[in-house]
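You will see chain A twice below: alongside chain B first, and alongside chain C after that.
Presenting the complex of A and B:
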């Protein structure tokens, strides 16, 4: 599994305050906590806290002063991504492109040039996908464009777009079906990722819904998620799902072995 | 016709382990041996690099074995009352890459030799030859915990490969290896999960993964070889794919297994139709060994000089061809 820590996001009050008051310590606290919890990447998102590219760079540099965990550059603005990618010490993930041609034409070459990975959201100008076929069609578009322009399957993360279970209940299962079909795109397949927390938005059993949904997605072929990496039970459930699917070799201390082997 | 490219790329090379220490490194060996380091499955040089060739250790005991068949006796009976002479013959006449001293004489159900006697055997071998040394206990856990500390100290700084640790007996040996700078053999009973678990347990109390060689148990040709093969292959694939607790070199203990099966030792008079045992015995050992080579073994422990010679030729032919 590839776990991307979601917590450094201007949508959270403490991060928003950190950006506005230029207080590195809060950002660095979350960089450390999430890395220790097992994050393979740290998502950095400014949210609505600022619209200055300098603030975004400041956030990334604050993270990189504390940990060696690679960055997931979370922005939909090309200029922000282009500036941010230059200061990343390790090959980052660009989060994200949509399936729109002009977006793909802009972002794929940036990823290729910097040896970065790219998350492709299965949506376009027309909006969010409504069923399995739309997701698969948009995913295939992103995948083939990315391959044509020089990314390897290992650098492509397809995101079938998670929607809240509480408000759009049928979409959860459509997403799982789309994951299953993404695995057939190539051999080896691209990475498949979800932004997990969306599934439980405004619901009462958030952690339980997150966990069960993630397990079902992994069974269908998903291998990456942006999530609350400090939810230990969530990560251990994901690791256990992969053990049950025979992706790693069992031993009585398999959780410890998995976590040790991922430590930087 | 286009032939599809079947090359795979593996993210995680197998650990390198160096056995033996020269004078400059604090030992007395004239050479050291490094195994592992491969970034692909065995002998697939088109796919990735394998910087170190597999090596053959010849087996020496700390007393004259009573149960070795005549076919082995005729090569070793002139020297097997002295482990030093025995080791020297293996190196000088049969080109052993290293020596595996098995302290079988310390088995409480047999000769029950003392730890002082075991240490004496270690000393003799170290003085008689300058190749690196494997020191293998007697098979009894409690006794191993008595004799191996003394042997480890006798060979301190020589960077020997000591064995074996198991899932329920590893603490003493791990401590010794860290103190005296040796490497360790981690043994498991043909079980891929336990093989991993022993490594995790040893790593947990501070042994570096780079100090471990995996011994997943060995079966002779005709006696479960397919099962061991599949475990070694699957473990190696896991190691190459990124499982750090399976990314260790592998050891196969061939001679001990082969020279107790009837297919290797029975004479033609006993089993008409099986052919001359003088040829069949070493052939059985050589074929068993080459199966283990193909499953990823980095160290092969053997007994019969002719089988050793054949396996060396085979390794050369695979490496030179590539």
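Presenting the complex of A and C:
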């Protein structure tokens, strides 16, 4: 599994305050905590806390002063992505493009130039996908454009767009079916990713729903998620799912062994 | 989901002692506890605690004095099953037949005569199944024999035979694939069941492995399990899986709502 820590996001009050007060310690606290918890990448997102590119660069540099964990550059602005990618010490993930031609034409070359990976959200200007087929069509568009322009399958993360179970219950199963079909796009397939927390948005049993949904998605072929990496039971559940799928060898200490194998 | 409580089994020391000392209170304690926890059936198995049919009948009658939960008659002896089925107040499940012709010829007519359901283990005299295809072939044999002789799909529970993850790691995924294929046998399909605890036999993370494996099996089409029904997180995980599969309508109190809808 590839775990991307979601916590350095201006949507959280402490991160918003850190950005506004230029307090690196909070950013660096979460960079360390998430890395120790098992994050393979750290998502960095300003949210509405600022609209200055300098603040975004400051966040990324604060992270990189503390840990070696690669960055997931989370912005929908090309200028922010282009500036951020230049300061990344390790090949980052760009989070994200949509399936719109304009976005793909802008972002794929940036990813190729910097040896970065790219998350492709299976949506476009017409809006969010409504069923399995729309997700698969949009995913195939992103995948084929990315391959044509020079990314390898290993650098492409398709995101079938998670929606809240509470409000759009049938979409959860559509998403799982889309994951299963994404695995057939190529051999090796692209990475498949979800922004996990969306599934339990406004729900009563958030951690339980996150955990069960992630297990189901991994069973269908998912291998990456942006999530609360500090939720130990969530990560242990994901690792156990991969053990049951025979992706790692069982030992009585399989959780510890997995975590140690990933330690930087 | 159909939950079958595994706890009234002579393999447990307290049940063994209860049988040997004819102490109904222990049997009845577990009958109540499991029913309150959400058991749809109570499995009754003597294990090696006795080989007398009278003791088996005594166990079933002890249960039926306390709760109205139907019985899962767990014995591999025809004489025991035939005696037990006559005292069952509600249509029971017979646990179990194999795919051997002799067993099918004996047990299917007993099930038909008493309006009972029948668990069919996908194994035969040659031994346990080694892959997906063997499971599917044996399952199809059991299913077609049972239909031919008068059971309905709703009375047939196919069991793809769970093996310990610790010792036979690849079998777990073979089993999940077999579950997925069983759903294609007919419309409506038969029930699909696993004896859950086998998956985590001798493993270090028993509850975690049970929970993750059950979620994966339900995602593939499983709708019944013999398990520790007192493991609240296990049952909540199973219910959540069915919510994500859109089998029940989401509400913030979906766990409570599910449990109340099943209360006898």
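One rule holds in what follows: the second predicted complex is superposed on the first by the 264 of 264 C-alpha atoms of A that agree within 3 Å, B and C clash if a C-alpha of one lies under 4 Å from a C-alpha of the other, contacts with A are read in each partner's own complex, and residues count from 1 in each chain.
Assume a contact is a pair of C-beta atoms (placed from the backbone, for glycine too) under 8 Å apart; a residue touches a chain by one contact, two chains touch by 3 or more.
Computed from a predicted structure; not experimentally measured.
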Query raised in the report: When the two structures are laid over each other on chain A, do chain B and chain C clash or fit?
Result: fit
**Report entry** chain B versus chain C as contact partner of A:260, first or second or both or neither
**Finding:** first
**Report entry** Contacts of A:209 with chain B and chain C, given as first, second, both or neither
**Finding:** second
Report task. Calculate the angle at chain A, using C-alpha centres, between the directions toward chain B and chain C; round to the nearest 10 degrees. Result -> 70
Query - Greater chain A contact set [chain C / chain B] - result: C
Query raised in the report: Smallest separation in Å between any Cα of chain B and any Cα of chain C in the superposed model?
Result: 8
**Report entry** Touching both chain B and chain C, residues of chain A
**Finding:** 249-250, 252-254
Requested in this report: Going by the contact rule at the top, pick out the chain C residues touching chain A in the complex.
Outcome: 165-166, 169-170, 172-173, 176, 203-205, 208-209, 211-213, 215-216, 219-220, 236-237, 240-241, 243-246, 249-250, 252-255
Requested in this report: Within their complex, state which residues of chain A touch chain B.
Outcome: 248-254, 256-257, 260-261
**Report entry** Residues of chain B defined as touching chain A within the complex
**Finding:** 192-194, 196-197, 200-201, 203-204, 234-235, 238, 242-246
